[in-house]
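Reviewing the structure listed below.
All chains are identified by letter, namely A, B, C and D, in their written order; residue positions are counted from 1 within each chain.
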Amino acid sequence: MLVIMRDHASADDVRHVVDLLTEAGAEAHLSQGEVKTIIGVIGDREVIYSLEFEGLPGVEQVVRVLKPFKLVSRDFQPEDTVVRVGATAIGGGAFGVIAGPCSIESEEQMLATARGAAAAGATMLRGGAYKPRSSPYAFQGMGVEGLRLLREAGDAVGLPVVTEVLDVRDAATVAEYADILQVGARNMQNFMMLDELGTMDRPILLKRGLAATIEELLSAAEYILKGGNRDVILCERGIRTFETYTRNTLDLAAVAALKSLTHLPVVVDPSHATGRRELIAPMCRAGIAAGADGLMIEVHPDPEHARCDGPQSLTPGDFATLMTDLGPRVALEGKRMGVVS
Amino acid sequence: MLVIMRDHASADDVRHVVDLLTEAGAEAHLSQGEVKTIIGVIGDREVIYSLEFEGLPGVEQVVRVLKPFKLVSRDFQPEDTVVRVGATAIGGGAFGVIAGPCSIESEEQMLATARGAAAAGATMLRGGAYKPRSSPYAFQGMGVEGLRLLREAGDAVGLPVVTEVLDVRDAATVAEYADILQVGARNMQNFMMLDELGTMDRPILLKRGLAATIEELLSAAEYILKGGNRDVILCERGIRTFETYTRNTLDLAAVAALKSLTHLPVVVDPSHATGRRELIAPMCRAGIAAGADGLMIEVHPDPEHARCDGPQSLTPGDFATLMTDLGPRVALEGKRMGVVS
Amino acid sequence: MLVIMRDHASADDVRHVVDLLTEAGAEAHLSQGEVKTIIGVIGDREVIYSLEFEGLPGVEQVVRVLKPFKLVSRDFQPEDTVVRVGATAIGGGAFGVIAGPCSIESEEQMLATARGAAAAGATMLRGGAYKPRSSPYAFQGMGVEGLRLLREAGDAVGLPVVTEVLDVRDAATVAEYADILQVGARNMQNFMMLDELGTMDRPILLKRGLAATIEELLSAAEYILKGGNRDVILCERGIRTFETYTRNTLDLAAVAALKSLTHLPVVVDPSHATGRRELIAPMCRAGIAAGADGLMIEVHPDPEHARCDGPQSLTPGDFATLMTDLGPRVALEGKRMGVVS
Amino acid sequence: MLVIMRDHASADDVRHVVDLLTEAGAEAHLSQGEVKTIIGVIGDREVIYSLEFEGLPGVEQVVRVLKPFKLVSRDFQPEDTVVRVGATAIGGGAFGVIAGPCSIESEEQMLATARGAAAAGATMLRGGAYKPRSSPYAFQGMGVEGLRLLREAGDAVGLPVVTEVLDVRDAATVAEYADILQVGARNMQNFMMLDELGTMDRPILLKRGLAATIEELLSAAEYILKGGNRDVILCERGIRTFETYTRNTLDLAAVAALKSLTHLPVVVDPSHATGRRELIAPMCRAGIAAGADGLMIEVHPDPEHARCDGPQSLTPGDFATLMTDLGPRVALEGKRMGVVS
């Protein structure tokens, strides 16, 4: 941490900052220029992140050099984390494709989707049993009955299943049915849920919040790793900007940045990011080229009657065509579908 | 809802949309121009919000005319909601000032704050027992012990107390100690928590999410009212934008807009919005002038040693000076401190 | 400037940075921690702003401590700049109200507006002769004929006139007719125009760009002052965010921040910021309370037939009512209409 | 255009809107629901874009169905526009790579860059002679002397040259030296410049503004086409968001969206979008996969001594390596370097 003093800050102001630092257990190193004094601070992460010196007399700016995360960083663990579920893997050269509907609606719907997804080469099946909806008048999901249908559909075709934990109180129940637990964008900073998931023995798929920076996404993952759970998959799903043509703005540079900052696998969700069916295929291609370790794609056997996200869902047929196109692209990046290369 | 068809969409495409609408229980009204056909849809809120026709063949755009909320709107209830807690009130001409530290740290800290706040004319006391922090290495709050200290401090000076529910599992416990339950910005779309709070008999202070639109804030409040709890106070605390000089961008036009859209009281939190002590006073003044029903201000007896948000906290002395300045401004807007005028 | 090296950067990397600094004419001061080396850089503004060391081997982050502006800062000139035009002034306690239509449309329109504005107490008259419009199919303004009508209307009621320079080639012509030259939001970083206006003897009203930070606004003003023209009025008119209920998001904390960072007067334009007539009055009140030195308000004698911005224009009657409300509020802030207090 | 009336708007309010429409030369079609009346408006683009009915009594919302542009749309011209310069082309299957330094600094620098760029397979050479810089204390470019050096370097290696017009007064001079004229992000809505460039016989490279929507970018291009110049290349270079890790947020979904909305070629500038050298290669790959028709990449023979954008510049060696990687990717999309496929 650096504390930058205002031009010609008084000696008293400087001494005051140094005293507070010492008191907190940190070390202060002064660098006095002609007009500016800069105080370098050395101390451990817990101490540094407890110090908030902005606003002290004579202080102009505080720069935090130490990142707010450690376990998730590539500095801490240079080699890729590989998240394994049953026979499939994601990360470390293994590319994952998670396909399925926004919401679980019926046995037929799930079976049709599962069969189509598996036939086309998806490595995991997804479906929402609890749906976060802006309006209380929109469909809220089937609950436990949905979890059961998802599990059965996954088992029927031999694919692991991923589903969202919307309420921390349901985490254990969801874990009974699902192989991977998803944290939705709106819960990325639901720290109590992150703490709880950190103690569980299921991999976590953590979606980036609508207004979350790359650093905040990594800090959220740090909560889970700090709890002991090392299997976290990050998901870029678009951030909220002024552009309204797409539902959100897919930040593919964040994918490339994350791949250099962390050892955790990163997947891209073009469905929620764009909200437009015609943009799914180009954004899948771009995501792969940007270095993603996987994709998350909404597939529904009958998008027109979908209870949620129909406009951005692919039919199993569309999905199969897309997968045929994507295969060589994954290979071009030196990755293999579901298998560590 | 309006379904706007593409230029020269085929008769089949139009018929298909009309069929889907009828099937869903809505009524369709066609308006055929020379190049464009527009389909007006009549139906109740539940039906309308279950229809997602974007992406259907021939469909260019879908415009939702019906708002995703009802109970919170001024159309539904023209007169102001007044939230009453003990002897104090907020809304309907009653102006509330909620003061206290970001985090509860000790008995002395809370008593000193409570005395200073009460003496200066605050109408409620706040303090955080559970702290949402981006980094897991930052201070996370005192928990139940903090709730006890807050309650005691409030009782000692006769002020009702407000505190955040960070985990839905703690809601009942928090309600044992607090008069008003706060939902933080990061939980504004934690729908399971909103559902739970909708069944409780405590007023809710609902903070706007960092990336939440005015319509989403109102929809979140609708969840609570739909559950039966009519006492919701909305809080504007800044949205996330590209500007980094301030911590967030305080959206005071949203306050004025909310006052016309809803009957619920609206308070402004300049401390979190700006993150800079020197901007608190001007933003309190501007908030009052914009039509707010109250303010939420961070006060700490020793900001330099605060474990959280020190840079934006006022001392009790600063706060007293500020309150002296604000009094006549509240009166100028035809409002009274803590009392329905 | 601080150059923060990566953890355990090599001695060679550090030496390389120091060499480049010395070569450029700056001084380097090393501060070596256990894991991190930080290089403080001392040099003059031109040198510092020519150094871009991000991306050099071993460099993690570069922090610019020196602001990119000097002449506009309060450190450089502590006392308020007062911009005087004829008998009226803005800044230093003088409050200005600039009223008039978005676009100049006819002699009758301008005379009716001017009379209404003057009678209600406006201190300056505005009107656009050249209109920046997103679509080439929208009305583009009357040009020189419009300038003449504006001048005549101003003269008829004794008010100075303000109008936008849309094309740098027209600057001299506009200056023949107008007392104050406006730079629109879309031209805030049209640096060639700023250079040109810096050599002219007319005060400049500089509007903040839709995506411009406070620092960029001040840097744009610095261009004008550096050219020799010291009379710049800054204008906050809303920034572009994800919120769509209002046309832009009015950033009133920026007004308070600017008042502390610069000696230049700051005005607020609630008309363009909100795009909604019903929000003009509360945002005028809030702007005054936030510390603004003036307001810029769209007034049109017949908003329904306005060729531009009708939805946010007030009638002369509405404007008179508003001015009656605002008078005591300006006085409450210790300011006087058009006169240095 | 649709005018959506408030619930139970009065018959008078409806009639008033219809009268104003008729008066303006448009046709009104009423659609009366139980609670809502919707007025469909038929008329030509000029008329529709002159009507601003938001704020009229009884009006809730106005939806513009007709786009603000025509000539640039795929509906108007389904086949791709191919921009040809000398022996090279961009669009219609021809992929362009524009390489060169941010700013022109010397003959040696330009020659070294040109030779490296040409040898590696670039199809055009770029370099800035006039530099838009936020701070007036940063390097502003070499001016005409720079244009001459750029031209000579391009001629020496047989590559067409692209450079920015910063000041509309310099457009003719720049056109004497350059093959393609660039409009920078900060001038995207400098409508007078767009008008001027619309009359010139040079292709225009139009960069998206930092806060410009896709629709505004297309409307800006429409200005140029409306003036008679049909050769416009669009450039996605990142938009401004809350994320600060990258300089801007590269919006690759906008590239895919533009390809479906317009016939104009679209290029991607990963250098300005990310501001980080290590993200250039992945974003080039992702841009190609998203459907771009070309790339614009900053190359400098000595990035450490570059007077501008060093941190994001590639050396000629890095650039050659990158081009080797990109070649097969361009072919995979069915495109050819500089040649219509």
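Note that in this section a contact is a pair of C-beta atoms (placed from the backbone, for glycine too) under 8 Å apart; a residue touches a chain by one contact, two chains touch by 3 or more.
Note that this is a predicted model, so its numbers are computed, not measured.
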Shared interface partners, meaning chains that touch subunit A and subunit B: C, D
Taking each chain's C-alpha mean as its centre, the one farthest from subunit B: D
Between subunit D and subunit B, distance of the C-alpha-averaged centres to the nearest whole Å: 39
Gap in Å, rounded to a whole number, between the CA centres of subunit C and subunit B: 31
Centre distance in Å when subunit C and subunit D are each reduced to the mean of their C-alpha atoms: 26
Sequence positions of subunit A contacting 2 or more other chains: 211, 215, 240-242, 244, 276
Residues on subunit C engaged by subunit A in the complex (per definition of touch): 2, 4, 7, 29, 31, 33-34, 36, 38, 40, 42, 60-61, 63, 65, 75, 240-242, 244
List of subunit A residues in touch with subunit D within their complex: 211, 213-215, 239, 241-246, 249-257, 259-260, 270, 273-274, 276, 278-279, 282-283, 285-291, 328-329, 332
Contacting residues of subunit B [partner subunit A, same complex]: 20, 45-46, 49-50, 52-56, 68-69, 130, 132-140, 166-169, 186-187, 189-192, 209-211, 215-216, 219-220, 222-223, 226, 240, 275-277, 303-312
